[in-house]
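Listed after this line are the structures, all set down as structure tokens.
Both complexes below contain chain A, partnered by chain B and then by chain C.
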Partner chain A sequence: MRIARFTARRLLQAVPVLLGVVVVTFVLVRVLPGDPIRTILGPNATEADAAAARARYGLDQPMWQQFVDYLGGLFTGDLGVSIQSGQSVMGEMAVRLGPTLELVVIAVTIATVLATVLGIWSARRAGRAGDHTLRVLALVGNSLPEFWLGLVLILVVYSGLGWVPAPSGRVDPDTNLSLITGADLLDAVLTGNGPAFASAAGHLVLPVATMVVVIVAPLMRSVRASALEVLGSEAYRAAAAHGLPERTLLRGYLARAALVRLPALAALVFGFAIGSTVLVEYVFSWQGFGQWALRGLLFRDYPVVQASVVVIALCYTLIFLIADVVHAVLDPRVRI
Partner chain B sequence: MTLLDIRDLKVAIGSVQALAGVDLTVARGEVVGLVGESGGGKSMIARSVVGLLPDGARATGQVLFEDRDVLTMDAATLAAHRGAGAAICFQNPRGALSPTRVIGRQLTDRLVTHQGMDASQARSAAVGLFESVGIRSAARRFGSYPHELSGGQAQRVMISLATGCAPGLLIADEPTTGLDVTLTREILLRFREAADEEGRGVLLISHDLASIARICDRLVVLNAGAIVEHGPTTAILTTPAAPYTRTLLAAVPTLPSPHPAESGESAGSADPARPAGAGVSAESGDPAQPAGSAVSGDEVVRVEDAHVVYGSRFGAGGHHALRGVSLTVRAGETVGVVGESGSGKSTLARLMLGMITPSRGAVTLAGREPSRLRGRALRALRRRAQLVFQDPIGSLSPRRTVADAVAEPLRAAGVKAPERARRVAAVLERMGLDGTYAERRPHELSGGQAQRVGIARALAGEPDLIVFDEPTSALDVTVQAQILKVIGEVTAERGRGSVFISHDLATVRGFCDRVVVLYLGRIVEEGPVEEVFARPRHPYTMALLAAVPSLDGEEETGRVRLTKDPEEAAAGGGCALAPRCPFAEDACRTEEQELRTLGRARVACRRAGALPDLEGPER
Partner chain C sequence: MAGFSRAVAAGSLPMSRRSALRLGGGVALLLAAGCAAGTKGGEQPQPSGAASGGEGGALRIAVGGYVSSWDQDFVGFDLTALMLFKNVFPYMIDYGVKDVGGAQILDTESIAPTFAESFEPDADNKVWTLKLRKGVKFASGNEMTAADVKWSKDRAFAAKANVAGVYRLIGLTEADQVKVVDDYTVEFHQAFPSALTWQIQAISLYVFDSAEAKKHATDADPWAKEWFAKNPPTGGYFEVSKAVQGQEIELSANTGYPGQDPARLSTIRLTVVSAAATQRLQLEAGDVDIALGMSRRDVADLKDAQGIKVISAPSNNQVAIQMSVATAPFDDVKVRQALACAVPYEQIISNVYGGDARPAKSLVPLDMPGYAETGYPYAYDLDRAKALLAEAGKPSISSELVFEADNAEQQQIAVLVQSEARKAGIELKLVPLDPATLGERREKKSIPLQLTAGQLWVNDVEYMLGTSFTKGANLNYSNYVNDEIEKIFEQSHTTVEEAERLKLWARVQEILAADVPWAIICQPNFTLPVREEVAGWVQPMDGLARLRYLTKA
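Entry: the complex of A and B
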């Protein structure tokens, strides 16, 4: 099948890119100032302690040797050991990645759907009050800082209204949710744990809402612009001039044509959203990937930094691949 | 009560008076022809009838449809009026078909809305409608997207969409552009039937008086936004009152006589071997034909046993548009490509231009194979070949000035700005466009001027190969002659090879050296123009030559006629023409036909040279 071949080809093409990313991060973390050994040992450690620690993490080897070891590990799925915690990076990341991806995927999905509906709605009322209001609102949302918005939401919805659980953690520990993927909502579904599902969903509301508000504007603007273009096109006017009812026009002639440019942008926004989780996770004590990667960076924890950069690059590759496939499905003129 | 009654309609856009007081009526069961040159406001009249005037247009007067004024209708009434009351078959079908919906669904949408069918009824009715406008393998085409259609197929789909609305008034805006003579006749007969049998009013808009005259009850002649003459068809054809009508009639190229009044009668006896445009193009071809020229030049493009399969979207399989075509074009030579709509002419053009890669076989352009190149080298090679499109205005970007558009290939080639400006000016000058045109935008050009710009753009990069894909079929007859003259001069240049695609055999005869006849993606006959036209040996070529338009619409008799075949022949197994060929024998259905040399031509027909009626139309 062609999609399978396309996917395989794109993944193969991604290999050199990912290798490049690995090399660059490997070199960059080492040449940039900062020393992970000093930060973990504290001020009273002697030179000898430091040298011993260095040897323990293989940092006394020449750089090329370290790289070869690292690369070998990569291929066997061994991402090394975190210098801060002494734990396997793979194991740490596995628990961290699920929650963050769950957050981002849900937020981007909701934002995309919302942008589609609102963008088309707005385009069909272009120039009227509803259109202007919506666009201003979206723009305001877009310019709010995540942490501020998160805090306000906590104050109003949790402290004020009490509609959602406290912003600490992702699921109530009393529900005994067993860990499978790390994505709590998904795990709850997989294990059929009803109370855990409700609790995880409740915890997701505010962080998701925060992210949606921040990312929906560019998506909506794009849909609105495309929809306006379609509405003004000869093809749409011709269909309207043949007296097709509004519903048919909307579904058959406007929606799909207006969405063809959205996947590429949504992929970009997805990447941006991964970045913005750092703050959102902080505000909502999410214990996710963003926090983990940030701490790794602050402590110059080489294996953690390398692993997180590679994972982000991999996410980008996958998400743009998906976007391209969706684009080809939406737009018949595009061939993959 | 007349169906449509337009009274003193004036439309102004900005400071331009597009329509200056038009009166027009159409009754049920009547076919009214609205003729005039492009830019004369014909489409504006059509659009005003469905309340679809361009933004910023101000209309005064009345457009009464069943005694209600369209110009003052409220939204709900207008919505009900559109489609059911009046439906337009839009000009430029490629633009008017929605690109993201399969054509079958676009048609069933109309059927469900206006004829109250349920989904499955609509589906089978849609397939029937597609067949009735001459779309072959209609059931398979149901799921095609507009970009997968050839120009002529898109045109026919548009017609089916308009008729699918079952409107009281059917407005057809240049419905037969890009269609060959046989199809044009069939489509026009459908409009006549719509009036006679279904009782609709039909408003037929065209710049081509000859092609529509025979089915119209009345004619209305429009010039520069005003009606200059109207009356019964015969009266206008025989005794045109307005000078403008006379020029229109004089421009009809079928007429051997310069006097339009006589030619009305004499057209039937016109020499069938010199059909439409022959006089015109022979004249323009004159400078182009230093006798026996040019065949010795360097090869500019070579196509070897090329197959093109347009793959289906996600699965395997697809549409086999070219099936083993071999063709060489040399510098200084002009090769004509003819064939009915959907035969693969434009596909061959795209192939030669390196825009698509053959799924089998090879294409060599200027000594290199585009399929082996990538990136910059490929783009550089593609610039060696240029395309002149059928739709001159549509192929220019509306936001770019003429100078910008022409400079585009030069900019891509990295030519510096001062040099670029000089060459743009030179090439525009050559096309007879002075400096004032450089800063205009496409909508400020007439069709003929836009096509000159298109040719200028193709010429600017001094390519080795220029492909003209039906360069004149969207143009007025009067303008066609001028453009053909320009093309004749361009193709006469020695250093360059040209390919001229047309469904109009006469123009091909006018200035091509060689001609290839395509049928369902195969070359069925090729050879020097004089040879093929004087002694066509393949039944398909004979049939093409037998179809000639004429003002009085007399049917030809005694010449080769193909039968209809609603399904396109599947691959393999015998001659592709066999289901339609009057000379077919059993052996034809099993033997694959290869090109073989007969005289100075090559023909893919086992019976060629020994057919019962061997003589071509020219005895």
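Entry: the complex of A and C
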């Protein structure tokens, strides 16, 4: 009940934040230099054609009128029409968001599990060769550009070893996967399509691996630092001095306390991962949200930019809410 | 409070941990399953088409992006979509094919009916009559009739976009000028006779299935824009048999094509592979047969690769530096001539294009009727450039040189030009711009110096003047206005005789040679890496590939 109240309160608090994001995005995207209409007109277009196109997208209206229309649309679930494609932004986003969220959720989950296991392992061997090796490897992984790492993985694992399918798309079209959520793995489960499930999983290997390598380092450092603090704490040393079994020490004293900082950091990393999918999606022809948003920004497709920024803000808000709840569950000192 | 928290924690922590581990393990298994699925027994991956069974003959083409919309009347400048439209819409007439230096290219001087039975003018060249073949059907089963042509043209005029824009050049500005005579005959009543009609109609005369469209039209959307944006057109050389959003489009040959020259291949798959480097790897692995979108450097590297050949065909793609004649210091013709003498033409052809480009000697493209070598009397000559600047009384000048961000080719050219121009006393600041900013600045005509690359959709000097060298023309980034050119352009509208037109074009080139609004750098060949089994590539002079000629051994 308390968690439900906390969640409801936080969601209410998010409303003004999101409204602020809506206003700032609406203004900023129009302040940026660049004309979205000129990018869709042919070489023989006249000023009259440009004016007709502006009227078609409501860009001939005063700014305040455009904002009122946009805001009204938001409340009715209408995010407008893409200037580049002429299609509903909501419809386009629906097929773009699923693939990206699937990629990010799987990558962040794997990275979090890996960071937990390796961080605690590393802390318990602090100063030894294994600890140093792991930290250096994590640092190297964190320093690699996603674009380059993705290409190297494709070169080695697809081109050299032939272990994964061609990096074009997310699932073999011949598996006839029906689109439900846009997250292919999930759709394959929901429709009971085995070949599509295997194909989608195969296509996920390299992009997920690329993202995991890049994001695991900060998570691991956090877990390691927390674990070192716990290992040096009086409570832990007292428990160890009393001869408690290794398993009890690890599970009861070390792991939970070491994970306290992880949710907030994982939330930050999640947000970072959504941003960094732009390059990963490009390299792996993922056709996800990141590429869609970037194209929208490059061509000043106002409705697309506005919708993508609001969605990212919403994602951040929700993920930090979840992180706070998990933090409270892990740490009894935190009250919500 | 503490008790509540503790109780939840006691119950939830082991659950969370176990869940997390289960999830992690599950994902690992999924990935392992995926790996196994992808390895096919640890061997090198087979081309996916071959692996799918019964599809071994399908040709796979890698393209850089998915179509942004299926509606040709309202789509933005999306080359993948425009190329697809050429192949899936029923175009009534189209270019023929000719051989140039061993390469097959579209012949813009030979245009013939394809889906139509005939398309002919009256004695005055003002009324053009389109006769449709009987029994030609769309995928819906609806027969293509004059009503479809009329509805399609009405829609194009209402759209006030691509087709309406080019129709103005041949005196078609109102929907009423398109008249239905009977079920299979339509007339186009032009305001004046035009030598451009064949070419303009070749790029504009595509037809929608209007009976199907009307089912999806509403009061708010009378032209079924929403439906057409999402649903591929039918009735062309190919039908879209499958479209997986963002990933792949499968084309199947239209067996009902009524003409003499149907699609050679039964199935073509266009697969989205965004990154050029990934396209290259897939081509080498045999997962795609043609890579449309690779960088020149990658293409050059593939020339000696096993199993791959690189097709090189002459193209009318022009690379130029447009100088704003309305902006100082380029408002002085001597300064423009000086820059034209400071461009390292041969160095660019050699270093940027690996020799795979033709030097240009006129602002009229090499393969355009009327081209004359006297049209651009400038060569790399730094002493002459310095002398011209001295004559202009400006021994040193500076300017920005704008080019497209994320365009490696233009960046290389810009660096080479900057380096040589500096030696002549011209200091250039390189400014890469994103598409929207570039579009806006071009609209405002506020760029003093910019790199441009592209080819015209219509291979004719009249069209070139109308788009690039006349007052207010959309591509006239130079702000170039010359009274005599304006008169010649007006005169050309109604000059149909070929010999007369050639005289006009000769004069145009003399004027442009003196005024030099562009430094024309070269015409790069179109290069395309394909698997050795692929044949039949026909170089499109409008840049939009006709896939019907392709074959795969």
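Going forward, the second predicted complex is superposed on the first by the 333 of 336 C-alpha atoms of A that agree within 3 Å, B and C clash if a C-alpha of one lies under 4 Å from a C-alpha of the other, contacts with A are read in each partner's own complex, and residues count from 1 in each chain.
The working rule: a residue touches a chain if its C-beta (ideal position, glycine included) is under 8 Å from a C-beta of that chain, and two chains touch if they have at least 3 such contacts.
Computed from a predicted structure; not experimentally measured.
Counting residues of chain A touched by each partner, chain B versus chain C, the larger count belongs to C. Judged by the touch definition given at the top, the superposed model places A:R2 against both chain B and chain C. Contact with both chain B and chain C is seen for A:L330 once the two complexes are overlaid on the shared chain.
In the superposition on chain A, A:R256 makes contact with both chain B and chain C. After overlaying the two complexes on the shared chain, residue contacts for A:A238 are found with chain B alone; chain C is out of touch.
When both complexes are overlaid on chain A, the residue A:L151 reaches chain C alone and has no touch with chain B.
By the touch criterion stated above, A:L186 is placed in contact with neither chain B nor chain C. Residue contacts after overlaying the shared chain place A:A200 against chain C, while chain B stays out of touching range.
When both complexes are overlaid on chain A, the residue A:A53 reaches chain C alone and has no touch with chain B.
Contacts of A:W163 after superposition on the shared chain: chain C is touched, whereas chain B is not. Once both structures are placed on chain A, chain A residues 2, 256, 328, 330, 332, 335 are touched by chain B and, in the other complex, by chain C.
Taken in their complex, chain C has these residues touching chain A: 1-2, 4-6, 8-9, 12-13, 16-17, 20-21, 23-24, 27-28, 30-31, 33-40, 42-45, 48, 52, 55, 62, 66, 68-69, 71, 74-78, 160-162, 164-166, 168-169, 225-226, 229-230, 242, 244-248, 250, 271-275, 277-278, 281-282, 284-285, 287-288, 434-437, 439-443, 457, 466-467, 472, 474-475. Those residues of chain A lying in contact with chain C across their complex are 2, 32-36, 38-46, 48-49, 52-53, 82-88, 91, 95-96, 99, 106, 109-110, 112-114, 116, 151, 154-155, 158-159, 162-174, 179, 185, 197-205, 208, 255-256, 281-285, 287, 291, 298-300, 326, 328-330, 332, 335.
Across the complex, chain B meets chain A through its residues 50, 52, 79-85, 87-88, 90, 92, 95-101, 105-106, 109-110, 113-114, 145, 147-148, 161-162, 165, 311, 313-316.
By the touch criterion given at the top, residues 1-3, 233-245, 248, 252-253, 256-257, 260, 328, 330-333, 335 of chain A touch chain B in their complex.
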